Every structure is written in structure tokens, then in C-alpha cells.
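Would you mind keeping the following structure in view while I ask a few things?
Chains: A, B, C, D and E, in written order; residue numbering restarts at 1 for each.
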Amino acid sequence: MNLLEVQNLNTYYGESHILRGVDLTVNSGEMVCLIGRNGVGKTTLLKSIIGLLTPRDGEIIFDGRSIQRISPHERARSGIAYVPQGREIIPYLTVEENLLLGMEALPGGLNKNKKIGSFIYDLFPILKQFLARKGGDLSGGQQQQLAIARALLGKPKLLLLDEPTEGIQPNIVQDIESAVRQIIVQTGIGVLLVEQHLHFVRKSDRYYAMQRGGIVSSGQTNQLSKAVVEKFLSV
Amino acid sequence: MSLSLLELNNISVSFEGFLALNKLNLTLQQGELRAVIGPNGAGKTTFLDVITGKVIPNSGEVIFKGNSILGIREHRIARLGIGRKFQSPRVFEKLTVYENLALSVSKPKRPWSTLFGKLNKIQRDQINHLMNIVNLQSRSNISAGLLSHGQKQWLEIAMLVGQDPDLLLVDEPVAGLTDEESDLTADLLKSLSGNHTILVIDHDMEFIRRLESPVTVLHQGHVLCEGSMSDIQIDPQVIEVYLGQQEEGSK
Amino acid sequence: MQLILESLFNGLAIGSVLLIAALGLAIVFGLMGVINLAHGELMMLGAYSTYVTQLIFKLTPLKQFYNSYVIVSLVVAFVVTAVVGIVLERSIIKRLYGRPLETLLATWGVSLILQQFVRSVPLAYASGLICTILIGLIFHIILPKNSLTYSQARIAKVSSWVFSILLGLLSANWLSSSISKLGRASARNVDVTAPSWMRGGFDLWNITFPVTRIVIIVITIIAVFSVTWFLKQSVWGMRIRAVTQNRSMSECLGISTETVDVLTFGIGSGLAGIAGVAVSLLGSVGPNVGGNYIVGCFMVVVLGGVGNLLGTIIASFSIGIMTDLIGAGRLLTIWPDMPAPLATTVDFFATTSMARVLIFALIVAFLQFRPSGLFPQKGRMVEG
Amino acid sequence: MSITKRLFVGLSTIALGASITACGGSDQSTSCVDCDDQVTVGILHSLSGTMAISESTLVDTEKMAIEEINAAGGVEVGGKKYEIKYIVEDGASDWPTFAEKSKKLIDQDKVPVVFGGWTSASRKAMLPVYESKDAFLYYPIQYEAQECSNNIFYTGATPNQQSEPATEFMFKRSPAAGKPFFLVGSDYVFPRTSNTITIEQVKSLGGEVVGEDYLPLGNTEVAPIIAKIKKALPNGGVIINTLNGDQNVAFFKQIQDVGITPDNGYYVMSYSIAEEEISTIGPEFLAGHYGAWNYMMSINTPASKKFARNFKKRWGSDRVVADPQESAYNMVYLWKAAVEKAGTFDDNEVRKALIGVKFDAPQGPVEVMPNHHLSQTVRIGQITSGGQFKILESTNGPVLPQAWNQFEPSSKGYACDWTDSKKGERYPL
Amino acid sequence: MKNSFTNKRLFSFLVWAAIIAAIIAAPSILPVFRLNLLGRYLSLAIVALGVDLIWGYTGLLSLGQGIFFALGGYCAAMFLQLNSATNFPNQIPEFFGLYGVQQLPFFWEPFRSSLFTLLAIWIVPASVAAILGFLVFRNRIKGVYFSILTQAALLVFFNFFNGQQKLINGTNGLKTDVTLLFGQMVGSDSMQRYFFWITAVLVILAWFFARWIVRDRFGNILIAIRDDEARVRFTGYNPTLFKTIVFAIAGGLAGISGALYTIQSGIVSPQFMTVPFSIEMVIWVAVGGRGTLLGAILGAVIINYAKSLVSEALPASWMFIQGGLFILVVTALPEGVLGWMQSDGPRNLLSRLGVRRPLSTYPGLEERGKDEVKL
């Protein structure tokens, strides 16, 4: 059984048809990458999966049940974590509080889970020294690490990552990449990644290429041809 | 050698410590069509905000037709001849297509003249002309809110042209458009250039290519490089910005 | 020196009433962008709760605890107004998020209805109604959700409401029979009498400090501190702040934004109830008691800067001190030989009613220079 | 959210509101058994809004008086017995509404008389209506006078029937005799005018008024006023209080806290605190202070006792009667007497007949004077801890009303007499 | 599309025909009292038109229209007072005697002239509105802040007028009924009948005026400001000026309305500047349909008429009904009754009730209602 199955999804922004009949699957323990240039609907797809946007038709099946009728926070509690583009750190909350909020998705929520798992500091050691800082004061890269850490604290079954390396220094990109890989290996969760950096794309198992709101190509990443890259990623 | 219409010198803008624009320099010549691309967060929208007076830069200079326009209020900058099309189409949805255009065409823009004055023949002709250009003449009495997404984009471009600005700033005109619509938009912009100076921001490469114009690449708040589309495509810096580290890709 | 001290105390006393009244409003406005014109009527409900509590404590079995009824009434008023607020949020406000002007009009309608409600419905029955809602909601929460199958759940729900209606009727009946004053619909204002220990004042440095005022200042301080603590330290406070700062991301993290809305509005309303207790100690309790405060409260919130607790505090105390300085004619006492034209002007405004005119005019003038108040809100604006 | 559901929510709100009020609006009334015909009069007081609190007691009293008259055989005019019916209109505490409803009662319902009003502002708003339509209003509240309309009949006290004797008492015979005065009132016409008179009177008595202040209606923050009083009267004195309704509660509660009490030499004389208000404010805050009225519930005469007893019987044992109610009660009876004297319901005839009509009121005998006011007995009382007035002084028989005050410079030397066409509204004495 | 367009015209033509027929028939059908009521409510329609201009079209929710309404009323009443004062020395109105004022305050003097009064009735409120508006709009204060500020301004004016007995007779206000004008008492039936006609004519004129304001580009700019002020600025217009002008116009209309209302109700008092009254003005427009001028007129007249009928029958229930109306309109009919009817509301309701709705001609129509105007 697939962890996530998206069938014939159509999403509109007002009147503009953004997603046009998207089909996609993600399995546990698998990293799936969504490629395509800016503005082709990758973010819209992730938002439709987490529930921030309501598709006009189509179906989203997660962990065996249809979820398109339930609200985002229930989707989060059922095991989908979302790291949006631009990180969306809660700016005036401290790093620690931001991390704590990640555990809201666990059973019992924040009331029962008050201790931040130390595995997070193993993955992102830098967070430990900034616990008392305001989330909004961190640099972009730190915020990105915080956002991923926050998502992981909810022990999700599926992680949605939207351009985690965008606008981030190369050395941190390395850290993030290895952290994500490590998590998949250790916990066996599924990851759906939106990425433009080929380097990161190559680390994933499968890819879907999007253009103008639809999936135009898909397959194993190791079979990702230069032609496809030229067509969908380069300038 | 024509006079440069717009010059941005060393513009820097920071928002609460985050540097949105970093010593940006850019010059536009009269009648030029210029495309600006760049990854998300490169500062494209902020750069338009600076030109139109919405954001006042921390340092640097904006010279339009030889005069500095820093600190002038938005509606005055608009009257000086800079028009802007927003990212998502912002037309006045409760007004009809004709009324939308009438607002942009009418001059002067003081309250009394809009209350007492009437549009003259030239202006009415111009509105019809504009509706012809963007193919909306059959919809002239329909509320703009009822138009399709693409039609709204065109209406907004038409409104922009109707303002008769010397400089048109066009932000993401083809977001959410079909292939056919975006091709039409490119043709429209091309046909407008020459009479107008146009700056287009978009990240649809198909569309930018079709514009056949010089391209400026923004990255992290400054200009990474400028050149024709074919030059840009092989520029290693640009490829890095767009594709990540090169060595992986070339393997 | 004594003059300044007295003025300061007076300003503090006036300001603390304003602050406690504006606190709930500031929270609801600042965190949720809702203009709650029914805030004054929620205060009124708080004041009436105090009155009912007081009457219950006058009954024989409770008479020995009479002196502590004010403390009990704080709890009662908070719970009652919070419940009414929650009902309001669920039924009307939730449809209007993001449209502050609409919330303004709708809550005005609510305030009219609440005002006329207390005029036309005997207090005993109003209390019974509130009992019903309260008990019904408690059942709703404590009934185990998953242990029942769907059809049984429905039966349980219905029967719990029936049961709570019965309890509500019983309590209404009991109230109207044992306290005859509550059994009749009356628009007449009623009075809350402070227990003896809260009456009078004590003298220090030739100034009399009324105990009631000091109690109100203490209530205000406790309320401000608890709100601050709740928002900054508690788990729910963290959720509330997260939702305020980034609603959609909070939702994606698993926070039920609906619950947060209910809670925030409930707390804001509950604070109105506490303000109602404070106000009832100073004056009479009547259908209009809250309406008298509402515009002043909005001025506090706007002057302080929306969404800024510190601004609200400073704004209310500055308005308090100004009221005392101008209204009590103290400016002339402090500076007896000011130039004649100025003195005439000061004298002109040195009546309570003209002081109000001047203070509001000054606030409007101040907002010319600082349109967003003393402490402009950063980040997500509550834009109209 | 579907539109139908929204509609449902809104409509049910309205329906709920309507049903609540519909239930509350029932009324019983005693009918006249052997009456031949009916006559309908108008009652116009605030049933909603801020003034509803006070004015609804007048409606109760007027209804009671009408029922009493009906039970006793109605009004007898030209050999026919008429049962009195009434239409109650709501002035909604809004002065222009009083004018509107007056027009309605006069033009639409064609009532021969309207009993109504409480605040001076409402009377001032109604006055032009009655004058322009030459209709007749009976107004029951003690007021500032300086008015003498041919179309209004005033059964409340004028200042010389309430505040003047009170001021004199405070200055000459109270424990604070000779001490300075401070005047506190709500910010509207009665307190302002009444205080103007008091200032002149205190001056002529040789005393001193050291300050006055007015609280905006609806504002209950009395701290600045209290500060002023403490400053102006450091060693005790007389406070003349003309605050309105609920502002009194705030005032008395808070002056007691800062030690402005009879024990410390501060005595408050109030002109708008009657038994109803005492029970609302709480006698513990008022004991030892003073009030001046024509009627006090503690008057120990059969007429007074019967009035109080009947009222309690009709409206509930916890109810009290007070001066404004007595006034309202009197005016219904006076109208009846005048109609019977005139032998017709015609306004103009009744108006003429009215002057000189005597009535044995709960307060004692009263008589209608040519200036459309009543001669009344004045009583000064001290508030007891039991919530009643202990009557300290009462005038020797009724005091004649002065429509134009004789202390106020602009009206000094004028009087009003509607029996003499040469004199009229305002003539020099 | 065209079809529904003509339907709309037909609809408003029918409504207008009905209104004019009603106005013409009213004096002969209605008793004097009801006619007078109708006249007053018609005069309220003028202030409602102003509210519609600033709120319905421009998106400025003013809770302080009572200021301008009362100012107009005071101007009219001062004129009438000065012309009625015969029984006092110095020719000053009698109420001054109550407070011992001997000298007419200076600002009363010009009101001896009827021409000045006719101008002042609308110029004074309009100027006050212009000043107030300019100060507020210049700082780009909008939305709820604007509403709260106008409410505060209302209280300032209320307290001032209420407290100034010696200048303007405080709480009591100024009465107008017993003044002689053209040899007749203002409050008399025949005069009131004239005032009814004057009001009816002025309502129609005001409608034409408002119509003229909104029908062309000026009105379009107002709508544009309401929906997207920043975009207007980038199009080259200065929204501050437009807002100030329309606020002043609404103030002037309120002044005229207040003057007409005052002479027909016989009194002007600070009561006109209480908070509830100004909010009520908004609800007339909201119920009638904001952004539809006809809706504002109908809303004002019908709600007020309903109010007096209901309060005669069930005195205490009007507050419930009014409160319910507020909630109902805001949550269920944000476009008001007229707006709802014009935007195919009845048909939508029918379709919800199971009656099938004909397909719209243009696919874009499906999307309507999703992007309602948010204020």
C-alpha cells in the first residue's frame, strides 16, 4: 500500500487552474522529488496535500484513508509534516517554543509532550545554542534547520519539504541533505520534496517533473536524463 | 546614444536585518524591452517596490528621466510616467472592463476633472484601441471580476498602457496562464516595446525566451549577470544559482 | 509632593478601571482582529453575576462566608462571561474572521440584544439559562467521545442537553423562589454592596486611600500578570501566540485553530466579566453599565497600539492621570500662576465633562502623529 | 456556510427576541363594571433605554390610579360614566421620540390628555408639540421651573417647593449650618438650573458656594469630582447633590470610602433620591444624609399609608412608593376631578376647570394654582439606616409654587397666571 | 447578460415608480401624524445616501455621521430660534434666560439671515467633515481605526454640545415648532405638509446628486479605492483627496438631512449625536443594500417606519429586532436586501431549495461570491 496517493487532483486559485489532474504516489522509506521551474504548481500541490488549499476535485489518500475532507491540523496529527517554502518560523516565539510546537502533532499534543527529543540536536547541533533566541532572528539556514527539526519532532509518517535549500549557504545545504537522508534511513518515513537544486534531486529515489500544473514526466532518479534536466530545471 | 530612462544606482533595502536588495545597479534605455529573472527571494518584487515608491531604500539612488524620484509619493510617481502591473492581476473587479480602462486613460487625475470632465474623443478611441489590442472589446460592459484569469492579466496590461507611462513594470504576467495565453502575452508585450520601455519579471523561461529580449538575472539582491537569453543559458553562475552545485550536474 | 502623590494615586485608580475594562478587548482585538462592541455588555453580565452571587451569599447557609463573596464572584463572573463569549464566537464571530468592520456591526447587534435581554428577562431565568449552557457544555466535554458508538453518542448528547435544561430550570426556579428580587423582570439598576472589609479607606501621608480602589488596582494587577503569564508561559498561550503570528502554519503543525479561537475569545470575554466585578464595586449595576465604558476602552486600545499589552497598560494609566489632572482642576493647583489666557482655558476644561472632551480630542490629535498608537504592532497587521 | 443556514440563524435570533418580549408584555387591568362608555388617555414614559428604570414606576402608578378610578365607577361626565382606557407609548429615553409619540397620541389616537415625561429634556422636546397642537400634557416630576406653559400641567415641585427650603435648612439648621457648599450634579438642565438658583440663594443667605461640577450622563467615574470636593471642603460642609440615577450609586459608594461622611462633618442634601433610590443605593451608604420632598413614604397619615399599601398590593410587596409616583398618582386624580368639574373632555374647558381643583393627596391637601403648578407641602428628611426618611421638618401647610424663580436674577420679579389673559406666561409682579 | 441588465433597469424603474406614487399619494392617504413621520424618515434617507457614498462605495465605515447630522439640525434650529424670540430683551432666545446669558454668543449672529442659514446647513457640516477627514486620511488611517476615531469624534462633539448650556442650551437642545415662518407656525399641520413636500423633492434631488457622483469615473474611483487603494495610487490618483471630498459630501448630505429632520420633529438636541443613532444609520444602508443608492433610501424609510410601528405594538421588542437585524444582515446578507435581489439572490435561494437554476451564460459567473469584497 502506498503511504500517500494523490489521484487526479485539480486545484484552482480563484479562477486560475493551477493543478491539472495530478497523480502521484509516495511510499514509506522513500524520498520522492518534485521538480520543475518556478510557478508550475509544486507548492500548490504540497499545500493541497496538507490541506491549506482545497482542491476542486480529485482524491488524496494517506495511510489508507481519504483525507481531503479533514482540516490541516487533523492531517498533521494523522502524520503529515509540512516544511513550507520560506520556512514559516513563528517569528516572535523562541526557538525552543517553535520546537515544542512541533510536538503538537503527537498524540496528546503539547500537554503530554514537553521534552524536546535529543535526536534533534544530533541532527542539527546548532539549534541547541539558540534555544532562547526568537525564531525570527535566526539566519535563513538556521531557520530551515529549525523548520525541519520542528516537523520531525511530530514523528510524522510523511514529510513534505518545499525547497529546503533555497537561499541557503552551501555548507548548511550539505547538513540539511544529510539530515534528511539520515531520517529516512533511521525512521523509514516517506519524504516528498520540492527541489530545484539538481544536487539534491539526485539524492532522492524517484522524481516527478511538473510543467504548467501537470505531471509531465516521472521515474527513478538514477534514470533522470540530461534532456529532462535541461527541459525542466535549467534556465 | 539615447538617454537612459531609468537608472538604479547602488540600491540597498533591508527588512529587519534581512538584505532584500544589495547594491543593485540597473539601467534601462528608452524603448527597451527587458526581462528580469531570478530564483525566489532574489528581490524582484522589492526592486519594483523601490521604483514605484512603495519602499524607500536604505541607500542608493533612483533616477528617472534624469531626476531623482526618491521619496516622492506613489501616486505622483505614477503620474511621472511609471506604471506597474502587479503579480496577481489587480484590476478593479467591480468595475466593467471599459470603466477600468477609463480610469487609467483619463487625465488629469484630480478629483474635479473626474467629476466634471468627460472623456474626450481621443481618450475614448484609445480605450477602444486598447480593448482591441487585448481582445476584450466584446467584454467591455462585463465586470472585470467575471473575466478569466488570462483576460484579467491582459486587462491589467492594457490599463497600464492606457496610463501612457514611459516605463512599464510588468510583474509575472503569465503566472497561471495556459501555454497559448502566455504566448499571446509575450507577443503583446513585444508589440508594445519600442513605443514604451518595458521591464518584465517572470520565471517562466518559455515565456522569457519568446520575448527575445535582453535578460537580467537577479540573485540575492543584486544583478548576477545581464545578456541575451542564449548567453545567460550558458553562464556558469546562472546555472549554479538555478541548478545548485555544478559538479553534481555535470557528472 | 502630597499633591503629586494624590494625583498619581487617583490616576492609577481611574486608569486601573480603564485597564481592566480594556484588557479583554485588547486581547480579542489584538490577537483575533475582532472589534467586539458587545464587550461592554459582557462586562454588564459580569456585574450582574456579582450581584446574583452576592444575593446567594446573603442566604442563611452561606451567610458566614459573606465577606468572601467578592472573590467567589470573580470566578463566577469569569466563567459566565467566558461561556457567553464562547457561544457568541461559535455562533456569530467565527463567520466573520478577517472582516473587522463586519464584526463591529454584528457585535453591536449582540450588544443591543443583551441589553434588552437583561431588561426584559428576570435575572433568575437568565441565570437558569446560563446554567443550562454551562452544564450542557461541561457534559459535552466530559462525555467520553470514543467509548460510545455513533447512535448512542447522539442519544447521550440529547439527553445531556435535556438534563442540563432541567438543571437550568431547577436553578432558575430555586433562585426566583429563594431570592424574590431575582424573580421579576426589572430594568431597575441594582447595587452590589462591598463586604465591610472593603469599605472605607485608610489614611497615609494625609491622603485617604479607599480600599475598594486598592482592591480594584490589585485585581487589575493580578489580571494583567495572569494574562501575561498565560500568554507567555502556558501551553495554550504558546498556541495562541503561534496562531496569531502565523495562522496557517500553526494549523499545519497540528494546532486546532478553531479551539484557539474559542479559547482566546473566551478569555477575552472572561476578562470582561472580571472587569464587570470591578465596575460593580464602584457604581451600580444596570443594563447600561458596560456601554458607558466601551468607547473609552477602544480609545485605550487604539492609543496603546493594537496587539500590545504594554501599550494598553501605559495608555490606560496616562488617560487616568490626564483625567485626574484636567478634570479635577489640578493643573491650576500645581502651577497657580500660569498666564491668564492659559488659565482661562484650563479652567474651561476643568469640569468632568469638558475634561472628557479634551482628552478624547487630545487622543485624536496624538494619533495624527502616531497613527498606530504608542507602540505600533509589528508583523501581521490587523488591517481593515 | 450555506445561505439558508445563515438565514435560519438570523431569523431565529429575531424570533427569540420577539417571543421573549411578547411573553413579558402581559398586563391585567380592572374594568369598570357599570360604565356606559370609554375614554382613552395617553401614557408616555420610557419603557426602554436608560430612563426606563425610573419611568416604568410611573407607568405602574398611573395604571394603578386609573384602575382605582375605574373600580370606583369611572369618570362621570354629563351624567354618563366613562371607563378610562389607556395607551402606553414608549419614549425610549430619547427626547425626539417623546415628541414623536406625543404627536402620535394627539393626532392618531386623539387622546384628551397625555400623562408623561420624566427628564426636563423630554419635557422640553414635547412642549412645542403640545403648544403647536394646543393639546395638554400632565408632567409629574419635580423640576427646575423657569417655564410656565399653557399646555402643560406640572404636578411636581418647583425649586421653591423643594430646593429652596432644603438649602435654607442646610444653611441654618443642619449640623453643618454656616459651612460652605459644594454642588454636584449630572450634566443636564435640571442640575445646572437648580444649582444656579442655589448659588444665588446661598449668596443671599450670606453663605459661600466653593465649587460645582457636573458629571456627563452615563459616566460613573467620580474620582475627579471627589478630589475636587476634598480640596474645596477640607473641613466638612454641605454637598448639594443633583446627580441622576445610577451616578448616585457610584457617588455615595465612593465618597464614603474617602471619608466624606456625616461623621466627618460632610452632609449631602439630595434632590433626586427617593425611597426607590435609597433601596437601590443601599441605606448603609446614605444613612445620615438628607433629602427634601413633598411626599415621603414615612408620612404617617391614612392617605399615605393607603397609597403605599395599594401600590404594594398591586405590584409586589417589595415595591416602594416615592415622591414622583405620588405626583403621578395625583395628576390622574386631578385630571378626573377637572373633567368632572368641566363636564366635558374638551381640553380648553378642562384647562379652565382645573385651576382651583383641590385633592386630598397622600402628602396632604394640594390645590391647582393659576400658574398650572400645585401647592404642596415641603418636607426635609434624614435618611435612616432602615431605608426611609425620618421627617425632620415640614412646612406649615402647602407652599405656593413659583414658576419663575425669585432668586435667579433673570426671572426675579416675574410670575405666571393663566387665569388672567393680561398676565399669562410671564408677567412682572 | 444583457437580459439581466435590462431586468435590473426595469426593476429599479418599478421601484422608483412605486416610490413616487407613494410620495404623491401619501398626503391624501395618511393621517397628519403618519405623514409627518414619513416626512422625517424620508429626510433620514438623505443621510443614508451619504453613508452609502462613503461606506457602500468608498468603504469608509463612519460611526460619526451623527455629528454632521446634528450640525445641520443646529444650524436650522438656531435660525428658527432667533426668529421666534420675541419675548426676551436683546432679541435673544428665551432659554438663555435660564443661564443668565444677556448677550447673544457671536456665532449665533449670522443665523439671523435665512440665506446664510440655507448655506450653513450643508457647508458647516461639510467643512467639519472635510477637516476631520483630511486629518485622518492623510495618515492613511483606515478600516476599523477610522471607525473608532469617528466614534470618538462623535463623543467629543456630544459631550461638548451637551455641556455647553450657555452657548447652545446643552441637553435640552433647541426647539423649532413654535416659530413663525411666513406667518405660520412651523409645527402646524399645513407647514408640516409643506415640509413633507420639500423633503420628498430634496430626497429625489439628493438621489440624483449621489447618482451623478457615482455614475462616472469619480464614482468608479471610489469603488476602486474601496477594493484596492494601493492600485489606485499606482494608477496615478491621490486617494486621500478623493476620500476627503466624498466624506465632505456625505457630511453635507447629513447636514441637510439633519435640518429637515429637525424642523419636522420640532427639536434638535445632542441626542442626535449619541452612538446608537449613528450606528443605526449604517444599518439602514446595510439592510437596504450598500452600494445601491436606492437601497439606502428604502432602508432608511422602511426600517424607521417599522421601528415606530413595532415600538407602538411591542415597546420593548424593537431592540431585539434591531439587534437581530444587524446580525442577520452582516452574516447572511452582506449585500443587503436590494443587493441580494440584484445579484440573483432569490434565484440562488430557489435553487438551494431545490428549484433548478438556469445555467449562467458565462463560465466566470460560477466563481462569483468567492471573492467577496472584504473591508
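The rule we apply is simple: contacts are C-beta pairs under 8 Å (C-beta built on N, C-alpha and C of every residue); 3 or more make two chains touch, one makes a residue touch a chain.
Everything numeric in this text was worked out from a predicted model, so none of it was measured.
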- [ ] With centres defined as the mean of C-alpha atoms, identify the chain lying farthest from subunit E.
- [x] A
Task: Farthest chain (mean CA position) relative to subunit B - done: D
Open item on the list: Please tell me the distance, in whole Å, between the geometric centres of subunit D and subunit E computed from their C-alpha atoms.
Closed with: 35
TODO: Could you tell me the distance, in whole angstrom, between the mean C-alpha positions of subunit A and subunit C?
DONE: 43
Task: Multi-chain contact sites of subunit E, meaning residues that touch two or more partners - done: 159, 162-163, 316-317, 319-320, 323-325, 327, 329, 331, 364, 371
- [ ] Return the residues of subunit A touching two or more other chains; collapse runs of consecutive numbers into ranges.
- [x] 14-15
Open item on the list: Touching at least two other chains at once: which residues of subunit C meet that condition?
Closed with: 92, 95, 113, 116-117, 119-120, 351, 353, 356
Task: subunit C - residues contacting subunit A, complex - done: 235, 238-239, 241-242, 245-246, 248-258, 379
- [ ] Name, in rising order, each residue of subunit E that touches subunit D in their complex.
- [x] 31-34, 36-37, 40, 87, 97-100, 159, 162-163, 165, 170-173, 175-178, 185-188, 265-267, 269, 271-272, 308, 311-312, 314-321, 323-325, 327-329, 331-332, 348-349, 352-353
Task: Residues of subunit B that touch subunit A when the two form their complex - done: 16-17, 37, 39-41, 148-149, 172, 175-179, 203-205, 220, 232-233, 238-239, 242-245, 248-249
Open item on the list: For a test of understanding, state which residues of subunit B touch subunit E in their complex under the given definition.
Closed with: 52, 54, 73-75, 78-79, 83-84, 86, 90, 92-95, 99, 102-104, 106, 109-111, 114-115, 118-119, 141-142, 145-148, 159, 163
Open item on the list: Considering only the defined contacts, which subunit C positions touch subunit E in the complex?
Closed with: 35, 92, 95-96, 98-102, 104-106, 108-113, 115-117, 119-120, 295, 298-299, 302, 351, 353-354, 356-357, 360-361, 363-364, 367-368, 371, 382-384
